[in-house]
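One structure follows; several queries about it will come next.
Going in written order, the chains are labelled A, B, C, D, E, F, G and H, and every chain counts its residues from 1.
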């Protein structure tokens, strides 16, 4: 069963949030994915969102760029937590997406994530933060995940010490 | 009968677009006004927009600030021309409202007006530009309106000549 | 006969609004195209705009980048609806074009479209929104066009279901 | 017992998020408040955050302005969901606060809320969205809260009809 | 006879560039002032600009805010040097005015001044820089003007030394 | 003899303003070029600027990027007209260069040109605008130059008519 | 003897960095203050900066707004550490000052502080950070200063506990 | 022994500040490098920073991008001078990194450097500015370094004179 519902305004945004899917897979959390636009398929969007709770969905991730109304529109149809991911655009690297998702009016909250690939990644992790409140397994995996991030960084310092700084940089520049 | 429908996300935006109502009154064009939020009253918004054409509405003006999804949401429910007016905010004077209204995705057009009181004024005049395509009376009034703007500016030059520049400035500074 | 007049400040902007021409072709709406700068050929611009109504033009689309005065200058010579399309530039992805087109003074309205290729597309669709007010054929085609957009999105969901999400993403990334 | 922990970088931000407290009170949700800076009291911050889960806290709201590192620093010490509220500043109305809270690196999620008073309000409501996943009472109250927002807007339309548009605007302008 | 022509899009901008007039008066340089909009009175603007050279005008100062097309439109009708002064607006303090005046296309130069009251001041001084190329009297006055600025600053240091720093600040804060 | 002095903060900016040199060559106007930084070679900068008038220089063009203090520093050492050209950077396409050159304090004017290659081009043309005030030959060449720009645009319209719009676009896209 | 030299482009900036003087007084660190503009008094600026080291100055604080070239110009005349303080302006709250001070070219470093009153405060504290490297007394005072900041925040939490949150907020709002 | 400590939020930032290492090598100044994130390895960061003074470190350089909390977090654990280097990002070329590092609250200073490679370079030079206050050898090397920059620029002018301007540009364009 899916605990997370992911809705994207365009299928071209799928690769931009690939890490979102990978993290949910890694945590073995079921999720649904739908391509549905706030503007081009408003009925499909409403229907999918309105039924989400009954289908067992607990958190919704909405991904959009430009005017990026999708997360806000989703939030208008549900009381589940809605996480908004702004897609990078040519306008200052996504300032339009960011402001449209962030600046929601008082009363209808959306949780804005960073623009770009960090947004996809953090949307999944934030969903797990929420789900872990009532799921010890997820909580333990989160602890592990964070521990692994730490170890990864520590190992890089070992590697730099081993190879020498300038050699390490040279290899990165390749 | 109303030819123009005006929808605002919040009643607090009414004074900010007062010139919109005044111009439509001046042109003797009937209009409907509704307070309806994209997020807080999505069903009312949808219903009002979907029925607009059948009620005789030809142009819709949507006024919103911040995330400002209203004009885009309105446009998703109708094929009438939708004019969006961004309300000024604390964020760079309304950059959030501007980008959310302007940067609509390809396929669902919204006509963005300037932020602030010029936006209210121009939304009405642009609506008249559209209605005048099939209404000679409106067209003649538009010609007159523009002629009056010209005369107004010419008169100011006469006044400056009369009073002297520095005196004229002094009175403006009061 | 042409119902839409399209004016561009530079021929180098033609490819950027190609979708504008394609949509008007698709809707079988006649249009004129002229390259004419607000600053380098002001007389040609004035003449073309001033005569537009008499030539049967009903809507004008003006495309410009940078200082992007063209849409405003066009609007100063006509009472036809003027749609402005901001071309993307290096300055924050077109913030200069956007603000110059959007922030028109009260009295002379211009309908601003999104920057980039969505702008070209939506300028044509918005022109059709206006023309369809008095043309049932266009209105029906618009309904169809929007229906096709919906179907297109629904099909993508079928395709994702068929191929599997990760496979679908992999193909997009190619 | 407190289910929500609220941390502010400065006591001068308290009035700016007053609605946050009022909403939690309205929902009868217990909360803790602490003034603790990411930079001036890093140990107190760490200690308060690290112990939050054991004290029964389920969601943390972090409020900060300017460099606004607090929400990110809080998120580095906990796996509870962290909600960041950017305080408005003189820099473009809070662009510094917004970007510092929003643009978190992949791996450490923070849920960014709008700048200004909507941020305080939505941070509380988003916390309730999360808590309501496992609390039917909260969920029902959320439904009611949203219903009340709707009714409030509908009533405004009645009032406008009753008073007349221009009279209503006149009263708002007072 | 007037050597400088000053054109403003709106009489409400007159007080904002008062220093422009004062400096020209101080240098005893004759100037013409006209209120004329690029959009509302395009013919008057064209006529005034086109005849400027024959009336003896050598430099044109154009003042405008928002879309601020006036300086560019003026430059399209003349080969005299055109100085553009962006008026401050609510949008980031005049970013719209600045970009519309600055980002002129290659071929039609406009000399952009700072936004705000420094812009009015510097437009006059820059005009004198140009006129002084062929007028020794103006050049000597410019030397004197700059010398006076220096002396003014030096005197402030004397005054601070005399009063004491904290006393001096206290008086400024009044 | 050189009538125009061109100073660049870095030799890497030379190709970015190539059109500046080409236009001055086309107008047969003599010019000096120096690489000299406001910060790295302040003495050389001061010396070159201070002596410019005596060497017969009438207009100075200063090109710089980033903090871009060069045009302002140049203006502090001379009463000749100083034209500033902002070089494009990674920061919003040159917003740092633009603001550093544009926002000069009252008293020391600098004429700001557009960012990028249009800036190089317009700096030369604006210098000619100034020089032409006292040189009929330059004035006639300017008239011709502008006439050629017009003819160039008119020819493009002929070419589009000849080739057909879509064929013309296809060739541009190559 | 003065260990810190403070240079401001305008005496009107003195009140904006009052905390700078107060902190240096509190630490009993001698300082010189001079009003001297990069553009209006370039010779005085150069002379004051060039002689600073010989007068015993170890750190220079330069305060400026708008084009804000002063810190960079100061840095071009000395090898002492230069701290730049951007004064807030109308342009996005000081974005011009910030970028002009921050974006120095490689080779001539300036240490940029935050805009506004925090900038004045931190410029003094950063100067003390530097001086404390060789002065145990200053280092101890810095430890104390930071300890006091902590205590101040802890006390506020006591006060909130004592008064009650809503009462505390009410008093702040006065 | 290391006098400078360099901390980077991610090893991928190493190549971006390569010039920092090269300059310190050139000045024969010892330095430590550590990869440590403000958020992913907060304990390691705290430990490394807290012990820096005892290890003989005198200046800390902290490099980070996006939310870029690292320099501020470092400054909260030490009284050594902390230099922050903002890494360029897709968001307006690093506006997020810049504001997060620059806009520190009063009380905890961080010295912000320019974004991009100039930032790496200037962070090293600014560290030397500080160290040179008590090290005559470093001071002499700084004098030499600056002299070499001057000579480098003077030589470029010779080279341009030798090759001819257009030939020099042609070679740069290669």
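The rule we apply is simple: contacts are C-beta pairs under 8 Å (C-beta built on N, C-alpha and C of every residue); 3 or more make two chains touch, one makes a residue touch a chain.
All of these numbers come straight from a predicted model, not from anything done at the bench.
With contact taken as defined at the outset, chain F and chain G are each touched by E, H. Chain centres computed from CA atoms place E at the largest separation from chain A. Note on A-D: its contact pairs, compared by residue number with those of F-G, E-F or A-H, agree for more than half at E-F. Chain centres were defined as the mean of their Cα atoms; on that basis the chain farthest from chain G turns out to be C. Averaged C-alpha coordinates give centres for chain D and chain F that are 50 Å from one another. The geometric centre of chain D is 46 Å away from that of chain E, both derived from CA atoms. For chain D, the set of residues that touch two or more other chains comprises 37, 40, 66-67, 89, 91-93, 95, 102-105, 107-108, 114-115, 118, 146, 149.
Every pair of chains meeting the contact definition is listed here: A-B, A-C, A-D, A-H, B-C, B-D, B-E, C-E, C-F, D-G, D-H, E-F, E-G, F-G, F-H, G-H. Residue ranges on chain D touching chain A, taken from their complex, read 19, 58, 79-83, 98, 102-115, 117-118, 121-123, 125-126, 129-130, 132-134, 139, 142-143, 146, 149.
Remark: chain C residues 11-12, 14-15, 18, 21, 33-37, 40-41, 44, 66-67, 89-93, 95 touch chain F in the complex. Touching chain H in their complex are the following residues of chain D: 9-10, 37-40, 42, 46, 66-69, 72-73, 75-77, 89, 91, 95-96, 99-105, 107-108. Interface residues of chain C, counted against chain A in their complex, comprise 88, 92-95, 114-116, 118, 146, 149-150, 153-154, 156-157, 160, 165-166, 168-169, 172-173.
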